[in-house]
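Common to both upcoming complexes is chain A, partnered first by chain B, then by chain C.
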Partner chain A sequence: MVDQVHKEFRRRDLLYSGALWLLSLIIPDPQLHYRREYRFRKRDLFYLLTILLLPLIWSDPHFHHIMVLGGIHGILALGLTLFLGYAGQISLGQAAFFGIGAYTTAILTTRYGFPSFLAFWASALTAFLFAYLIGRPILKLKGYFLALATLGFGEIFLVMVRESPRLTGGVIGIFDIPFFSFAGFIFDTYLKQYYLIWGVLMGLVLFSKNLIRSKMGRAFLAVAASEDGASAVGIDVSRIKLGVFVIGAAFAGLAGSLFASVMSTANPETFSLNLSVLIVMMVILGGMGNLYGPIAGAIFLTYLIDGLSRYQEYSLPIYGVILILLLIFFPDGIGTRLRIRLIYLISYWGRKRRREKVEL
Partner chain B sequence: MDIWATLPQLLSTGITFGAIYALVGLGFVTIARASQIINFAQGEFVMLGGMITFFLLNKIHLPYPLAALFAILIVVLIGFLMHLLVIYPLRKASLPILLMATLGASLFLSSTSALLFGTLPKALPPFSARAPFEIGNISVSPQSLWVLVAAFLTLFSLYLLSHRTLLGKAMEASSTDPLGADLTGISRNLMIFLAFGVSAGIGSVAGIFITPIFYVSYHSGILIGLKGFIAAALGGWGKHNGAILGGFALGVLESLSVAFIPSGYKDAIAFIVLLLILYIRPKGILGSPFIDSRRW
Partner chain C sequence: MFLSVEEIVKHYDGVRALNRISLQVRKGTVKGLMGPNGAGKSTLFHLISGMESPDSGRIWFQEREITGLRIHEISRLGVGRTFQTLQIFGNMTVVENVLTGMHMRIKGGLLSSGLSLPWIRKGEEAAMKEAKEILERLGLFGRWKWFASQLSYGEQRRLEIARGLAAKPDLLLLDEPASGLTYPEAKQLAQTLSRLKEAGLTLFLIEHHMGMVMEIADEVAVLNNGELLAEGPPDVVKKDPEVIEAYMGKK
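Up next is the complex of A and B:
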């Protein structure tokens, strides 16, 4: 009798640990930033294959288009998660850096005939420089005042774009930006653009993974935990904050450049406060201090907005209500909450069965 | 020469706008004094005040004072509801989440108002005789005097509330010393709840007084709200008289700027002022009672 119970336990345990193992293949590494070096894991292979094969399996142009937008939002969210999720600072001006990147590409390619590959790097550089100039004075603020200062920067950017029509096309914007091309290969269909954007996103994810394991990345976490504590152990807090702000802005500049050369237009409506709010929402829903979460959040919110656009004038009120509900029920990110629940449930079932058996 | 001739007129416009910003700023200060939250939906209260009055006046044909009174009551109710449905469930949440929640509420209120009242900009009739009178060579519309009176009456009643009543003192205590407030038996959630009502009331009063001066449409709330916040931060974050001073300074600065730079840049002036004041003196001109506290 005892023997049989044991055997049953073993089989069940195998089942539960198998389920946990399957889960571990899908969910991101929970100890991402505690490991010393980055190793290519099975779950990374899973992500890579999903990204490569998904558009081929599901070859619907609308799906490709949404995933292109989702990828651009993912780059933006990745830039902000370094600033908000890791360094614990808040920025509502990310859309302005996105806009700076887009307009740099638009102006360089349409007015001066730059190749789009050069314009791509120039956009990141311009966003980087602007972020340096604006970050130097305002990063001594924190909390609400930092949020409002970055918001103010975003509004000033919008006014400048609207009021200098000779450079930026004013309210109408710039049209006919050439598609991204590299060595004679033009990314002109949604499928090609999908691979372009997700390729860039993967590169940036690798960069961020290495960054958060570096000395600087550890300093982000220290600054987020306590600025006084961080400066007490010899971290130059203002330099770290400026560094992460500038890196996040450069990411946004890259995203803006890709946006301009994928959508072929740049106009000021796109870069308003709503986009900044959306980016911060992606990071919050993806979970703070997490690299994959914000990308998942970006895809989720892009889909949500696309799905809601069916309801036309009702879409914005519904969107507002969904945002508030998500914030109330998942304040530390959808993934974080669900992962804890799932792991708990799976292990709990196992324990519960065992308890019942033993009492017999 | 031409510029200098228009200056007095611009100054009087600036004072009118200053009173508007001061009124909106007082709403921010009321909530900040009770809970240290910045409510981004404050501008929507202003917009809703104007919109609902317009709706009651033109669709239900109520007399003007009654319509204004009902509009204020409805907006106060919305303020209470916003606290119950958004702020209270998030009372223990971190700053970015509260911030996003108020922004989400602002989005919801503005788009719902577009849905209910239409997207066209609306203007109320002025309170008293239409003809503007002249002082020297400046023409002043009676409505701007009304706005000035409203700003100072609101300042006076807020002063009475926070310095002369136990309720106002309890509201302030719940923000300056939360633990102490708990120990003396003040219900902090109730105080924040009441502060949201008062602030929504001030916002709707501001909306009713300014809608005769300029057109209000569903998306103008956020900009008015931000400028009100800038006024409050400029004068002294968390002080009633600071909001009034900052409002007038911002209004005059903004309208004088029209004389020297293209008018399209007018909206940028306020935000440049915000960046400068936050960089040079984050506590504002008059100083702030709680600048070194937890959240900022």
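Up next is the complex of A and C:
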């Protein structure tokens, strides 16, 4: 009798732990997402293989195109999550740095005949410099004031782009930006672009991972938790904030450059406040304080927007309702809450079965 | 003089928090700062650690004037501090809190950390080892993987001291380290502090806990309403009639 109970328990246990193991492959652990070890995990391998093989298995050009956009949004979200999810500061001006990157590439390649590979790095550098100049004065602000200041910067950027048609083409924008090319290889199909974008994104994920595992990552988290505590151990809070702001902007600059050379156009409508808010939503939906979540959020939102674009007139209300529902049921982001929910469901099922057994 | 405060004055909107306070801390000693609530003890600590700047007067640390420097600059010169209201980093694990304390001693910038260059990894490994040793000394080693927010109040207090020690300060300012602790915890803390003193660290602590101050302090200063009431060895100060009056009221 005792033996039987024991065996039964074990079998069920195996089932649950198998399910949990599968989950742990896919969804980040909510409690341990700050764990920093220099180790390549099974989960990383899983993501890597998925990204590499997915477009080959699912060879639908529309899917590739959406994933290209999703990857660009992913880079933007990754840059912002360092600033918002780790350092705990808010920025509503991310679209402006995206725009700065896009216009740098557009102008350099169409007017001055720069190779797109050089323009790519130049875009990051320009966004970096702008962020440095903007960040120095405005990062003294906190909370809502910082949000408003970055929002203001975004609007100023838009006005400047619209009002200087000689440089930026005004409201019409710049067309015929050449495709990204490197050493004679031109990224002209959606599939090639997919690998370009996701390759860059992987590189940036690796960079961010290293960063958050280092003393800098700890400084970001320290600034988010307690500025007094951080400065009491010698961390220069304003410098750390500036550093993470500038890195987020450089990421956005890279994304902008890729966007310009993938879409072949740059026009001011793309870089409006809508996009900034969207990026913040990606980070919040994906989950604060982890790196994969925001990318998942980016893909999700890109799909949502694409799917809703068919119902043009109703798209905004539907979009709003979905976001509100997600924020109610997944306040910590889909990445973290989904796992907790699933674990809860599995354990609930186990408890229920045991209870039935006892009653018998 | 190791730490020397000269004629410090600080006002808050017409309230005189500190009035021409002068005191010194000698190297390798433990100094206690006592006084009733609102006496200006924490204000004095804020001024020394650079969180606020005095209206007039000067502060010297190791032959250097530190008046008006910002808090991270002062802490880089070797003045560590803990806070009365805990300022631990609840979003990190215990060992990461201590590693954050070592921020200035670990090499690396944004770019080199992001690229994870070889010396960064080496530095991280060495730092991790040292951080665990510090946790061992403060009896928190068993908790090193926990999130700091999951620790008990007493453990969080100890963690803050561990984080302060990780920066290898010459002077550690402790703002009411025993407040909110149970009696055995406070006793354990006193032992830890006296061990730190034996290791050559200079301590300057605010404390209400009379017994603890008498046990470990070499010298005591008493503040009341922003004035320095008495200064000297604990036994002498304890018998000072003015101090008794400030604490117990008039007979």
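Note that in this section the second predicted complex is superposed on the first by the 338 of 360 C-alpha atoms of A that agree within 3 Å, B and C clash if a C-alpha of one lies under 4 Å from a C-alpha of the other, contacts with A are read in each partner's own complex, and residues count from 1 in each chain.
Rule of thumb we're sticking to: contacts are C-beta pairs under 8 Å (C-beta built on N, C-alpha and C of every residue); 3 or more make two chains touch, one makes a residue touch a chain.
Here the structure is a predicted model, which means the values were calculated and not measured.
Shared-chain residue A:324: touches chain B; no touch with chain C. When the two structures are aligned on the shared chain, A:167 is found in touch with neither chain B nor chain C. When the two complexes are overlaid on their common chain A, residue A:84 makes contact with chain B while staying clear of chain C.
When both complexes are overlaid on chain A, the residue A:118 reaches neither chain B nor chain C.
Applying the stated contact rule after C-alpha superposition, one finds that A:155 touches chain B and leaves chain C untouched. Across the complex, chain B meets chain A through its residues 38, 85-86, 89-90, 93-97, 99-101, 103-105, 107-109, 111-112, 114-115, 222, 226, 229-230, 233, 262, 264-265, 267-268, 271-272, 274-275, 278-279, 282, 295-296.
Across the complex, chain A is touched by residues 49, 51, 70-72, 75-76, 80-83, 87-93, 96, 99-104, 106, 108-110, 113-116, 120-121, 124, 127, 147, 160, 163-164, 166-167 of chain C.
Contact residues on chain A toward chain B in their complex (touch as defined above): 84, 90, 137-138, 140-145, 147-149, 151-153, 155-156, 159-160, 162-163, 273-274, 277, 280-281, 284, 313-314, 316-317, 319-321, 323-324, 327-328, 331.
Taken together, the chain A residues at the contact with chain C in this complex read 31, 34-36, 38, 207-208, 210-211, 213-219, 221-222, 224-226, 228-237, 243, 247, 289.
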